[in-house]
Amino acid sequence: MLPEIEPPTLQTVGINTFTCPVRIPEKGGGVQHTVATIDLLAQMPQARLESCVSLMTDLLARFLPDIHAGIFPDLLRQMQEQLQAVSARLSMRFPYFIAKKAPVSGTASLMEYQCTFTATSSTVDEPLLTVVVPVTTLCPCSKEISAAGAHNQRAEITLTVQPLALIWLEDLIALCEACGSSEVYALLKRPDEKYVTERAYARPMFVEDVARKVAQQAMTHPDIAWFSVGVESFESIHNHSAYAFVDSRDIDRPAG
Amino acid sequence: MLPEIEPPTLQTVGINTFTCPVRIPEKGGGVQHTVATIDLLAQMPQARLESCVSLMTDLLARFLPDIHAGIFPDLLRQMQEQLQAVSARLSMRFPYFIAKKAPVSGTASLMEYQCTFTATSSTVDEPLLTVVVPVTTLCPCSKEISAAGAHNQRAEITLTVQPLALIWLEDLIALCEACGSSEVYALLKRPDEKYVTERAYARPMFVEDVARKVAQQAMTHPDIAWFSVGVESFESIHNHSAYAFVDSRDIDRPAG
Amino acid sequence: MLPEIEPPTLQTVGINTFTCPVRIPEKGGGVQHTVATIDLLAQMPQARLESCVSLMTDLLARFLPDIHAGIFPDLLRQMQEQLQAVSARLSMRFPYFIAKKAPVSGTASLMEYQCTFTATSSTVDEPLLTVVVPVTTLCPCSKEISAAGAHNQRAEITLTVQPLALIWLEDLIALCEACGSSEVYALLKRPDEKYVTERAYARPMFVEDVARKVAQQAMTHPDIAWFSVGVESFESIHNHSAYAFVDSRDIDRPAG
Amino acid sequence: MLPEIEPPTLQTVGINTFTCPVRIPEKGGGVQHTVATIDLLAQMPQARLESCVSLMTDLLARFLPDIHAGIFPDLLRQMQEQLQAVSARLSMRFPYFIAKKAPVSGTASLMEYQCTFTATSSTVDEPLLTVVVPVTTLCPCSKEISAAGAHNQRAEITLTVQPLALIWLEDLIALCEACGSSEVYALLKRPDEKYVTERAYARPMFVEDVARKVAQQAMTHPDIAWFSVGVESFESIHNHSAYAFVDSRDIDRPAG
């Protein structure tokens, strides 16, 4: 038998990895159809756990035909009320595509970025935004010590921000893409390949340089309350990754 | 040009997904050879970032022939000193095997558990321990409303604890295994299969029941400072998971 | 220096994991927007390898604004001609959603299925279709020997078919869903949960039973030239999977 | 009711993703402890399927305390006999570590390679060997057209061979490592980094060049009956991979 002790006061309960089609509004005015993985969680007093997962699925079912960020406040409020939850949280991860022109030839292609919206019932804020943005990093040390060439590789910037007002995914992604040695593209022609090669060689950066540069941009953004940025570089000369991370709460903000 | 603003005061830099063989001491007195994925991170003032990844790899190289938890304090102290870091952190994930007897036939087999040690330079504490333990959950609702049978499935308990004194992985895993509808085994014979089927049917549990039960056990453990427990159930009738989570910092501890 | 030996006569070259939005025609007459991962490969004589990856990306760019199965013949023919390839192959994996009613309450939800189209230039056939369909399996042995209950779990049926004529994904998926102990749903209410629990308990099946049943259905389908079916069951009492596989080329077809 | 048609004549049944510690003999004479994921499959006439998974687990249990390649013939023969199987197959994937010296400083480190042994009861041959070997590729086109630098990245060579006699993993891996623009290392000091950067820049190679070079080496190896080689390059300027593949059965062997 279990000892007769106090149960936990609060417990989080919910659904993970629920997959469904979603619509994401685009900065350009359109709507993008993509596919999301949803986690839906409620923080509950122990006494009220009974059947809350089934209530959640009922709620999801009602919103299912048309899931998008616009329903978050309503869904979370209903969830909190019906479950008598302390708080409710929804996160939604999805691939998002942005039309991008190659830097010289102008060839259009679509780049994919993994994005996440995380909304909670306890605030009236915009949802947290996370974007994962591939860039090229070219190693400053390798360039400096080598007679020719420099090792470079794909790296991933993961930027999470708490917006004070609507921030478009497009703008957050562009902020990150400007901060690597070079941008990454879905399709490049030869003059484009020459351009990105030379650009990366001219802008060598360690992961910590990329993280700092993203942090500097995010600090000056008027609509970002706080942020964190991680940069992982899949080293071309090693079997492991280099990693750097900055959290805005560890930064002394310049007097503004 | 970047605006001339203050750089971040503190930045985390390091190596991710470095893989190497490691030795883990077993409760029974032996030593287990397994394979670990190591993340090694230092929190640094911006001014000192230069070449810290290369210093880290030098340090790792010196310890490499024999990586085990016993080297953590030394490695982290050297890392902190040489990098003049604010703090250093090492985490090491590895599959760990425990010999387990089938419940009726006594057939011996080895069960695999994903485990993680996370140590930091800033404390003299034992490293944080994480164990991922597969169990069976059998749905109480399904049992109650059905004429026969009840849906059940594999679930995973992820328990992270901050020990006050040495806690064996074996004991932490046993604590978790006792908290599902039934344990999971590598190899079972027919009488064992009858036993685990009937045992699960006799002990229906939602994910939130499993999480609470693990929390109750962990609360009464004299050597656990704090813990968190997550339970994810790969539902056999659904395409998604049910999830529950408890953090000991959200619990009102019974007066002791 | 390399020894002066003959180079390989034929080599396959191409692009892997190119991600983009795609449109999939639905059986009901609509069009589904989803996201695909594309592999595009050409089998080439050694002499013609030069710059074929760049030619492929140019081709993809031209088709990019609207990728769907209807473009396969044209894209593959152009690719073969421009590259002077022996053959060209395109495969496209994507999550596909089907509206499904819960068995008793009729609650509508969307189930996700991983699907793949694989088309080659060397045939005028329909593309190969692969569907991955989650079902429940309930263990006949566990049911037989136990006083009550029976272990069950989510399993995945992977069916690949070479069609002789258009076969809808919806029909292929329905064929598979009928062959497990029970179907899996995105959303169920209590009467539905009772139904699927009892249905699974009434239809115990090993993975080999499921594979044989799918094979029997596929053998009698007039538009399937050949097929293979794999069934993997994520055992609820074990840490590993049970697996069964049938290839139609190993079957003695009944005289028709 | 199912139509009364012939069941499949042959079916494959077994266990997937069984994990356990294993021992691998090293070329240098030692024994390496690592962790393997095992798939164990039998091809069976339909009539004999009953309970074969349970027989397999019994067999595995008997060999469990000490799994290594030496037991394959015995395990497979027993499995075939006891199950009255047409054939039996075991595959075993494991990370394998090789001590490697940095090219200039001589710093020792351990590199990890994913390896697989696949043995079948139907032959008396050596097991099939698969090695996955990370290398650097540096793009010839990017080098040629750019004023300075050239994009490069980590790539993976996957070589599978059917040996006619014992071939050490160490030798197969060394064969692959010699075929990229540069080798990849776990740990490098500055003079090493200069060396590998310049070496890669001096040896630009497309994925198809790497695949052909590996194929040329494998073709001249006296103990390789047949092989296939795939090369995937995680492009640093793109979001997708470049891929090349050669199968020795598509090669016109030079008259020997």
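When the chains are written out, they are named A, B, C and D in that same order, and each has its own residue count from 1.
Throughout what follows, a contact is a pair of C-beta atoms (placed from the backbone, for glycine too) under 8 Å apart; a residue touches a chain by one contact, two chains touch by 3 or more.
All figures in this text were calculated on a predicted structure; none of them were measured in a lab.
Peer 1: Taking contacts as defined above, which has more of them, B-D or A-B?
Peer 2: Higher C-beta contact count between the two pairs: A-B.
Peer 1: Please flag the chain sitting at the greatest distance from chain B, going by CA centroids.
Peer 2: Most remote chain from chain B, centroid-wise, comes out as C.
Peer 1: Could you put a whole-Å number on the gap between the CA centroids of chain B and chain D?
Peer 2: Roughly 30 Å, centre to centre.
Peer 1: When the centre of a chain is set as the mean of its C-alpha atoms, what distance in Å lies between chain A and chain B?
Peer 2: Using C-alpha averages as centres, the distance is 26 Å.
Peer 1: Touching at least two other chains at once: which residues of chain B meet that condition?
Peer 2: 18-19, 54, 112, 141, 186, 188, 190, 239-240
Peer 1: Could you list, by residue number, the parts of chain C that touch chain A in their complex?
Peer 2: Counting only chain C, the residues touching chain A are 18-21, 32-35, 54, 57-58, 60-61, 64, 95, 97, 107-110, 112, 186-190.
Peer 1: Name, in rising order, each residue of chain A that touches chain D in their complex.
Peer 2: Residues in contact with chain D: 111-112, 134, 136, 138-139, 141-143, 145-154, 182, 184-186, 188, 190, 193-194, 196-198, 200-201, 234-240.
Peer 1: Could you please specify the touching residues of chain B with respect to chain A in the complex?
Peer 2: Per the touch definition, chain B meets chain A at residues 2-3, 5-19, 39, 41, 46, 49, 51, 53-54, 141, 206-208, 211-213, 215-217, 219-220, 232, 239-246, 248, 250-254.
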